[in-house]
Each structure stands twice: as C-alpha cells, then as structure tokens.
Amino acid sequence: MIQFERVSKRYDNSHDALKEVSFDIAPEELVFLTGHSGAGKSTLLRLIMLMERPSRGRVVVNGQDLASCGRRAIPRHRQSIGVVFQNHKLLMGRSVYDNVALPLQIAGFEHRDIDRRVSAALDKVGLLHREQAMPMSLSGGEQQRVGIARAVVRRPSILLADEPTGNLDPELSAEIMKLFVDFSRVGVTVLIASHDLALISRLRHRILTLRDGRLVAPGTARGNA
Amino acid sequence: MIQFERVSKRYDNSHDALKEVSFDIAPEELVFLTGHSGAGKSTLLRLIMLMERPSRGRVVVNGQDLASCGRRAIPRHRQSIGVVFQNHKLLMGRSVYDNVALPLQIAGFEHRDIDRRVSAALDKVGLLHREQAMPMSLSGGEQQRVGIARAVVRRPSILLADEPTGNLDPELSAEIMKLFVDFSRVGVTVLIASHDLALISRLRHRILTLRDGRLVAPGTARGNA
Amino acid sequence: MATPKRSKGARPRRQSLLARWRGWQHHHGQSAAESLAKVLGQPLGSLLTWLVMGIALALPTGLWLMLDNLAAVSRNLDSPAQLTVFLDAAMDAGGATELARSVGGRDDVFSSQFLDRDQALASFVADAAMADLAAGLDENPLPHQLIVTPRSEDPEAVARLSAELAALAEVESVLVDTAWLQRLERLMRLGRRAVQILGALLLLAVVLVLGNTIRLAIEGRRDEIVIIKLVGGTDAFVRRPLLYTGLWFGLGGGIVAALLVTAGTLLLSPLVRDLAATYGSNFTLRGLGVIDSLQLVLLGAVLGLAGAWLAVARHLRAIEPR
Amino acid sequence: MATPKRSKGARPRRQSLLARWRGWQHHHGQSAAESLAKVLGQPLGSLLTWLVMGIALALPTGLWLMLDNLAAVSRNLDSPAQLTVFLDAAMDAGGATELARSVGGRDDVFSSQFLDRDQALASFVADAAMADLAAGLDENPLPHQLIVTPRSEDPEAVARLSAELAALAEVESVLVDTAWLQRLERLMRLGRRAVQILGALLLLAVVLVLGNTIRLAIEGRRDEIVIIKLVGGTDAFVRRPLLYTGLWFGLGGGIVAALLVTAGTLLLSPLVRDLAATYGSNFTLRGLGVIDSLQLVLLGAVLGLAGAWLAVARHLRAIEPR
C-alpha cells in the first residue's frame, strides 16, 4: 500500500532529513514509526501526503508513483488519506462539528450523511457532547482527539497519525491506540509516528525506527493483532 | 510562592474546569501537575499567568493577590514568569533566535546581553545550531525545545510548563526534566503539567493530581532530588 | 468509545454524481451564507470596506454624471448656424418687419425672424456676461435685428448669404455666430481632460482597493486555507468563500456608491437650479435613475467578484501547507 | 546540554534605567527597520496601499490646487467698483476729453479716463463672450465712454455719484459694474460646494483606507500579538511596529500623492495655457511647490500614524490571549 524506495529528502537548508529510506507497508497493516526528535518521522509522513516531494527515490502509494501526481491531482490524493497532525491543525474559527465535517464537505457529501458520520466519529473519541464548542475552548488533549475524529470521519483507506497521543494521559492513549488497531482490522492501512515506546511496544506491531534520517533495524516483527 | 485558596473556575459554557482547588507551592520548589485529558491542568496554569481570572477563590503569586492585579499590570506580572505552552506558541514569521530573544527585548535588555543569553538558552536545549532557522522548518520536538528556551531565557523566578515533553522522545524528555530540576535548584519555583507518569514518578517530587477539576491526594511526598 | 464497524465501508466511497451535485450546491449556499455572515458579523469593519469601495465608485460616477449634465447644457447651446443682421439705426419696426419678410423669401434662407431692439436687448441680457452691462443702460443702444437661419449649414453658403445681406442698404452689419462655439469647445476639452485624469485614477483606485482588501482577507485566512488544502480541499473549494466575500464587498460598495451619488445630487441640485434660474434657464441637475443605480450596484458586484478572482489567482498559490 | 549556572542570577534582574532606555531606543529602531523591511518585502502589496492612499490624498490636493488657481483668476477680476459713463452719441472726442477732465476734478472721483469708442470696442472684445459678436460688426455701435473710478468704495456714495453723472446733459447713461461680480460669486459658490462635498468624501476615504489597512494588518498579526502579550509584552510594545507600519504606508502614500498631483498639473497646464491665451491672458496653472510637496508627504505620514493609532486603539484590546 505504501512503498518507499531509497527515498532521500534534503531540505533547502541542505539538511538531510531522510537518507535512503526503503520500506513497504502492506494493505491493512498497522505500522509504528519511531525515532528521536528530529529523526525525520514527520518528514516521512509529509512525503506520503505530498506536503513535500522527495529529493531522490520513489514513493508509491496505493499503486501510484507519487512523482506522477501533479499539482492538480494532489487534492484527490489527500482525500484518500486521513491524517492526524502533530500540531492538530484545527480551524480555530469553526466549531468542532464543522472541523470534523470538513473532509466530508470537501468530498461533496450530502447534509444528512455528514451529520451521521460526524456524530459517529466524535462519539468514537468521546467528544460528542462538545460538538458545538470552539476548538479554543478545548483542552490540548481534546483538540488532539478532534483531529483524530477528522482523520477517520471519511473512512479513508490510509490513515497517518503524527504523535496522536502526545497530549493524552496514558489511559486515553491506550484507548486511542486501540481505536487505530481496530481501524487496521477493518481494512485501513495505518502508519503511526509516536514516541510512546512503552505503549507501542506493548501493542506488538511492526516498528520502523529512524535515526538521523536513516532506517535502523527494519523491524519485521509482525504483530498478532 | 504560588498559593491557591479554594479556587474555582467556571467557563462561559458553565463547565466547571476547576472546583475548590487549594494548594501552596514554596519558593524554589518543583511540583508536577497531572490528571486526565480535560482535568483542568492548563486552566490552573492559565490562572497563574492571568490568562483567565478565577470565578471564586484567591490566587496569590509571589505574595501578590492576583485579584489586585489590573489590566495594565498584567505585562509586568507575566514578565516575571517563564511559560512553556502546550502548543508551543512560537512566532512563525521570526527566526528561532528572535523567538527566544523576545522576552529580553520586551524587558528592554541591551543588544549584547540579549545575544549572550539567547545563545546560552538555545545551547541548553541543544538547538544552538538552528539559531537562524524559522520555526516552520523545525520538527515538533525542536519547536517544543525552542519554547522551553524562550521560557528560561530571562531567568524568571517562576517557571510554568504545560506538557513540555509531549513531543519528545523518552531520552530527551528525561534530559529536559533534568533541566527543570536544575532550575529549581538555583532558586526558581517550577510547576510542570505532564502526562508522563513514568517519568515524573521517577523524579520523586511532589505531584498534584487533578480529576475533573478537583485536587485528589494532595501529594506531600517531597522528592530528594 | 465504539469500535469501527467491520464493514468494507472503510474505503472512501465514491459519491454518486447526483449526491456530488447536491453537495456542491450546498457548499455554494453555505459559502455564500457564511461569508455574508462573516461580513455582517464585523459591521464596522465591513462598513469601512464598503465606504472605501463606495467612495471610489461614487467619484467616477459623479464625474460621469457631471459630464452628462454638461453635455446636456452644451446641446442646448449647440444650435445651428445663425446670422444676426444688425439693421440701420434709422430703420423703424415696420420697415424691419417688411425686410424680414423679404429676406425670409430668399431661396437660401430657411427662416428670417424680426427681432425688435427691445427684444434684442432682452436676449442680450440672457447672455450671461452682458446682463449687468445692459442692466446699467438707461436707453437701449441696440438697433433692430433680424435673426436669419440659412437653409444650408455649409460654411461657404453661409458666408455668401452673409455677404449678400450685408450689401443691402438697410443693413448695418451681419454677425455669423460660430467662433463662440469654438471657444466653448476648447473649454469642454479642458474639462474632459481633467475628468479623464480623475476618472483613470479612480478606476485604478477601485481595482486596487478591492485587490488589497481581498489580499488581506486571504492573508487573514492563511491558516484556514492551509488546513483545507491539507485535508484535500481543491483550489475551487478554497476559492469559493473568498469569491463570495468579494461579491458581498462589491455589492455593498455599489449600494453605498449609489447612495452617495444620489445624496450628492440632492445636495447640489438646489444650487444648480438657482444658478440656472439667473440665466433664465429651467435646467435641473440630472441625477441617477433607478436603472442607473441598479447598474452601479451590479457594477460593484462584478468588480468585487473580479477583484477577488484576481487577488485569489495571485495569492492563493503562494499558500501551501508546510 | 549545559546545566544552569548556580548563581542567584536566576531571578529576573531589574535593568538599570540607562540600559532600559538603550533597549527602548533599540526596539524603536528595530520596529522601524523591521516594519519597513516588511512593507518593502512585499513590494506589490505595499505599492497597492501606497497608490490607494496616494490617490485618496492626491484628489483633495488637486481640487485644492484647482480652487487656488480659480481664486487667483477671480482676484484678477476683482477690480474696484468702476462706473462706465456712456456719452451722448453726438459728442466728439474733443468734448469727451474735456468732460473727462471736469469729472476727474470732482471731489468724489478718484480718476476719470476718457475711452474712445474704438478703444471701447476693443475692451468690449476683450470680454470673452462678446468678442465674436463684435468681430461680426462692420461699424462700431458704441459711443465714447468715460471710465470713472470713485474715491469711495461705499455703495451709497457710488450710487449718488452715478445719479449725478447721469444727470449731466452730455451723458447718455451710467453703468455701475457690480452685479457681474455677484454672478461670478454665485458660480464660485457652486464650485466651492461641489469641492466641499468631494473633499469631505476624500478625506473620509483617506482615513478609512488607513484604518482599514491597519485593521487588516492587525488581524494578519493576531497570532504574533497574542504571543507577545503572553510573554509579557506591554501594549506599547505591541503597538510600536504597527504604528511604524502606518507611518511607512502614510509616508509612501504622501510621496505618491505628490507625484500624482505634479503629473496631473503637468498634463493639464498646456491646455490651460492655450485656453488662457485665447482670452489674451498669460495665466499659467500654479502647481505644487517643493515646500507644498514636502508638506503633502508630511501630511501623509501624520495621517498614516494617526490612522494606525486609531485602528490600534480600536482593535488591539480585542486581541487577548486564550
């Protein structure tokens, strides 16, 4: 589903964020991505969703080489991916409901459909009662959960999450992780960047570890989940 | 140094974020604040730095009842407090250097002084080499560390930190926590909100735990650090 | 926390065309309503924008109206060539009438009208600059006159007629009334040039005000745009509310402009009526009609939309998610 | 990662007054430089703002210049009261000169000048509207005239003198030249009213454009303002770069306005010269001098600063950290 072939990424300031990274994530697999601060985790996720282009190498998502995906095709590509951002990236001027409904609106869903799906997604992250609140009036963890609801509301075939539990307490973190695991069970390919080594090692899924932009110990320990 | 006397905070939406919270933090003490997502940790910190006013009760900081601190006195009050925000709150249009220099500029420090102190602070969080970078080109963890450098650069008498290690790997988190502990040793009162129970229980300082806005188990276990 | 359904529905389903059309329609309605709500939600700021736009639109419109009125005035002045025939001072009214009839009978004369010396003074007085000179006269210094309209407008034919009339014994002199029009022409050219300069400046101003406002609106929504692009919003989706914002600003600006021009006309028209009255004219200032006003509002809307489109085209691409 | 120094320096030291003053000065310099860099950094956007402001400033200035020029013209026209004494048609030049001398000897007459009928026609011709009428005359229909300047400007005295002169046997009629000025006065009043309306609209426009631009600048910097307030920035600290931004916009606008007015003057002046020439006048359009231009630029800067101050006062308070 997601294939990296000797991908390197050098930023303008000539910093090599990724160096010759190769891996392959099968459909419906759940993979964790870990590494120290600045190792290149977010960069890797950004390449998948075309926020950046690789300097060298090939990224293939869902059978399509992303190099062949022009500027005008980016929105469609992104619509097929659900993303939880490291810094939430919520619309501060819109209610929680509107934030979660955004991907559905973009895809041109009908009003009734949107209603139903948004409620379901917010319910999953335990925030149905804050539907009409503004993101500003939510705690850090609640904002993060709104971001998760927005990522899953369209039932994408690929789900990327960058530090989705950074602002959550251990108990809630475990619940959210379980949610991601459940998604991978119903056919979604999930890639999660996380520092919470204790939590992710407990879940026994494949773990990709980056160090200074290089993939170390290409984990093959398939989980049993 | 920081005193809460039966403080309650009710937000406009009639949600009680804090209920009758009382505690007392001695000068030069380091205290951790923990609790589930939405328990009221950030609200508590916001009351100390006058981003919110309590609905009931008294907050006394550095001997001054904050109720007596009018609108015009807020800047001076905030200048005496260093804060690490949960969502970093960096100036995206300015370089890392300028971000860290901001509190010094506000206080009217001289050019040379600013240079020296900013370098020292950035060195402490291991980002001296990214001095001229823009925050946008930093990883999540690096942004968080810039926020920490900004909070400590003026050597404030009080240091508040909201989830300062949420985006850092375990190793770096421990280092940053050690930095805070060091600060409390040289006379700074430190209050840190954190979810990382494993880490903070290892440090053996006093821990305040919030549950649904109420203080549970007013920890008195003074650490030996 | 419920577990996701174990259906194959986990893949993003392609929407049916009809559903997509409905969704598209709905987003249009929503964009229009939301941007309107936002515009109305900060009434003072929006009023400022409307006023700026309205003033910028009202000024060229006002000047255009002024030119229009001037043209109406000059059309009144722009009568066909006429000969004023001054008769011998000794001639009396009866003889003059006789002569008028005989001149009127000529082939090359369309009409010939006897103008009594008292009448002549009166019409002289109607000519502004002379009114007061005449008012101070105790006795009419003018002779009887004939007002002769030639059949042909051709300058040569007019000159020939003029010479022949001047040769008559009863005629003192003949005046051909053309140089005066040249002078007016020159004055009007000056006015037109001045109005051209002002008009050009002001149209530029309208475009700039709009472009600027929308550019700043885009900058203010930078975060929003980035986020929408990140979750897969197309350029059209991002553009829509901005275009509606431009539309609302333009529409409001057009309405303000129509109101300003109407107010200006109302303020000026008593003065113009007074002035016209002193010249014995019943000329009244022509204001903006209903249709004109609607066109002005429409123009505002179109300019608003166009300005928004330009600003969006220029600035939207620059905003890419990081 | 170094450990913090174990000094008591961990408390925020109060800065010495001198150091604070230096820091304050430095922040002023920095705010000025940074806001200028930002303004120049997006040259097109800033140019737009400058043009909008420049146009809004140039229009009232241009109108003011126009009025100024008109006033200069009317000052030429504004000669003291004069009596034109039309003599009996039968009187010859010699008798008229004699009479002029005797009238000139009167106590209530300042000067009395004999105007030959041919001269009179010539001066008649100089009066624009009549030039072409006269050009068509074969013979001079005017009698000899005296131009009498009364010693007193008092209307009653002038009226008495006029009556006494009219009673003389040699005098046909006397013309008192005042009503003509009333008429010009009325015309000027109309012009002034029109210019007042336009000027008011345009000054409003300047203020609005500025307020709007700074308001949007504030909104664009919302995040920045919140963060600065969060780390203890005073209102003055937040305000400073915004005020400088207003200053730069105003200054640029003033410069653009001066250039526009100068360009407009240069475009119009040949036309005005031509027109003046047809009236035998060597009147030239008075443009903006160096001092005037500098004042305009200064006015722009002051308005920019004032507009920024107003916008900041209105909108800055609303931005509080959450």
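Should a chain be cited, it is by its letter among A, B, C and D, assigned in written order, with residues numbered from 1 in that chain.
In this section, a contact is a pair of C-beta atoms (placed from the backbone, for glycine too) under 8 Å apart; a residue touches a chain by one contact, two chains touch by 3 or more.
Just so it is clear, the structure is predicted and the values come from calculations on it, not from any experiment.
Asks: Determine the set of chains touching chain B that also touch chain C.
Replies: A, D
Asks: Computing the C-alpha centre of each chain, which chain sits at the greatest distance from chain D?
Replies: A
Asks: I'd like the Å distance between the centres of chain A and chain C, where a centre is the mean of that chain's Cα atoms.
Replies: A distance of 59 Å separates the two centres.
Asks: Based only on mean CA positions, could you tell me how far chain A sits from chain B in angstrom?
Replies: 29
Asks: Where the centres are mean C-alpha positions, what is the separation of chain C from chain D, in Å?
Replies: 25
Asks: Starting from the mean Cα coordinates of chain A and chain D, work out the distance between those two points in Å.
Replies: Here the centre of chain D sits 64 Å away from the centre of chain A.
Asks: For chain D, write out the residues touching at least two other chains, lowest number first.
Replies: 322
Asks: What topology does the chain touch graph have (line, ring, star, complete, other)?
Replies: ring
Asks: Pairwise, which chains touch?
Replies: By the stated definition, chains touch in these pairs: A-B, A-C, B-D, C-D.
Asks: Help me check something: in the complex, which residues belonging to chain D touch chain B?
Replies: Touching chain B: residues 1-13, 15, 19-24, 26-27, 30, 223-224, 226-235, 237, 321-322 of chain D.
Asks: What residues on chain C touch chain D, complex-wise?
Replies: Residues in contact with chain D: 45, 48-49, 51-52, 55-56, 58-59, 62, 84, 86, 127-133, 135-139, 141-143, 166, 172-180, 183, 186-187, 189-190, 193-194, 197-198, 201-202, 204-205, 208-209, 211-213, 215-217, 219-220, 222, 260, 264, 267-268, 271-272, 274-275, 278.
Asks: If you look only at chain B, which of its residues touch chain D in the complex?
Replies: Touching chain D: residues 49, 51, 75-81, 83, 85, 89-93, 102-103, 105-111, 113, 120, 123-126, 150, 152, 154-157, 175, 179, 182-183, 185-188 of chain B.
Asks: Across the complex, what residues on chain A touch chain B?
Replies: Touch residues, chain A against chain B: 11-13, 34-39, 41-43, 86-88, 133, 137-142, 145, 162-163, 166-173, 195, 197-198.
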